[in-house]
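Here it is: the structure, laid out below.
In this document, chain identifiers A, B, C and D correspond to the written order of the chains, with residue numbering beginning at 1 in each.
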Amino acid sequence: MSLTRFSISLDADLVRRFDAKISADQCPSRSKAVGDLIRASLVEQEWQTDDEVAGALVLVYDHHKSDVLQRLTQLQHDHGSTIISTQHIHLDHDNCLEIIAVRGHPRQLSQLLMRMKAVKGIKHVSLAAGTTGQRLR
Amino acid sequence: MSLTRFSISLDADLVRRFDAKISADQCPSRSKAVGDLIRASLVEQEWQTDDEVAGALVLVYDHHKSDVLQRLTQLQHDHGSTIISTQHIHLDHDNCLEIIAVRGHPRQLSQLLMRMKAVKGIKHVSLAAGTTGQRLR
Amino acid sequence: MSLTRFSISLDADLVRRFDAKISADQCPSRSKAVGDLIRASLVEQEWQTDDEVAGALVLVYDHHKSDVLQRLTQLQHDHGSTIISTQHIHLDHDNCLEIIAVRGHPRQLSQLLMRMKAVKGIKHVSLAAGTTGQRLR
Amino acid sequence: MSLTRFSISLDADLVRRFDAKISADQCPSRSKAVGDLIRASLVEQEWQTDDEVAGALVLVYDHHKSDVLQRLTQLQHDHGSTIISTQHIHLDHDNCLEIIAVRGHPRQLSQLLMRMKAVKGIKHVSLAAGTTGQRLR
């Protein structure tokens, strides 16, 4: 890994407020803080421009409901190329939290999310929009 | 206005991708681009920590519906201290776009938004979360 | 306007919690509350599928900075077909809140937002994503 | 589980558009579609009112970087009561996708997210905001 060093000029008050935020966030340095903002803006761009991304789909459902387990398994096999692996947590006697690690194009992941949501017995679906990290040092 | 100049070190590939984004966004300089990211993160913080903020509430409604105009006017007078001014646009024969410039604490603005939303005849309410700019150079 | 009446069956506990939320939100009826959720989901769809939409761009800037006023006016004339009208508020001695009522396709509005953001002296740009209301009763 | 059946009255055009969306989303029924909107609004409320929630934190990092693995493990032990389990995926030679199933109050999870983000070597952190499902039939 090679580093690039560059200077920027910003209003002194703005820098003071930024430094206060860096300290409150327990961030180790200005370089790390600026780098985080830049990386987050690039990940947002990856999702908008339909580049390859990675993330997690989180489902909550009652495993007693109809044939929810079978339908979900079927769906996951249909989307085998975008699904990496699945983590299953027993929240309580009835409720399951299922976390599906996914990788693919945003459009594919939206399609999968929509199909998951349509399964009867699913209570909630959410998405953590991450990155493959490949183009992101 | 006094400027502070400082240097940061980031991975060379990350800087290359950031430069490409800056150019695609037609942003004039790295300082402006980094400043924009910092300012956006500080505005986000203002909304989370319930500082004084400014922005706009956007309503869409059919002015023929029941007593929607009267109710909205009443509401705006009740929240006179947070409302700066109102802009009214006739979208078509039935639909009105009303844009209300607001200033206050995020909690007050959420309260106002909730009360607007509850008015019968309102089709949609949205919010543009901005800033008073005072602490933001 | 003609009404359609239909029945839905939901878990009794879910309905209880929904009724509590309706009451807390001061919403006048279940029909209004369900209608609001449906309309919000349709407006979201309009923005995703690049239908014609309406909303507001909110800018905050220091009018003393370079030629920000001239650049903004130039930009607004370049995008005349998407801009309906502008509301200008003097937040304090330095800061201006400018609210631009816009109408067009989401892609056009994003383009305009990006160009506004790139103007030197602009502190913050935000967007309230609304609707023309035409397809939304 | 007991069901509650109730009727709502909505504009005929609105219902037509909703039915078109239900069909495009491959959703099996109006009851399921309305229930989904209601559940999503209640989960949003759980996150705003700081009720107990569940979800997933997604991290992307280069495992070669400094002592990122050790720091992350340390952090996870410090937050043992909110972390349920962890799933680790090797995205490529350098990049790791780590998905942490979490449960707790939104404030605790934000705290954890902030501390994860501050670790040197972390490229990106995102959150899927879900629910424990307990109050959500």
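Convention: contacts are C-beta pairs under 8 Å (C-beta built on N, C-alpha and C of every residue); 3 or more make two chains touch, one makes a residue touch a chain.
For clarity, every value in this text was computed on a predicted model and none was experimentally measured.
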Pair joined by the larger number of C-beta contacts - B-C, A-B: B-C
Between subunit A and subunit B, centroid-to-centroid distance (C-alpha), Å: 25
Interchain centroid distance [CA atoms averaged], subunit B/subunit C, Å: 9
For subunit D, residues that touch 2 or more chains besides their own: 39, 136-137
Chain contact graph, described as a line, ring, star, complete graph or other shape: ring
In the complex, subunit D residues that touch subunit C: 1-15, 17-18, 21, 30-31, 34-35, 37-39, 41-42, 45, 135-137
Residue ranges of subunit C touching subunit B (in the complex, touch as defined): 25-28, 32, 36, 39-40, 43, 54-62, 84-85, 87, 89, 91-92, 94-95, 97, 99, 101, 103, 114-115, 117-118, 120, 123-124, 126-134, 136-137
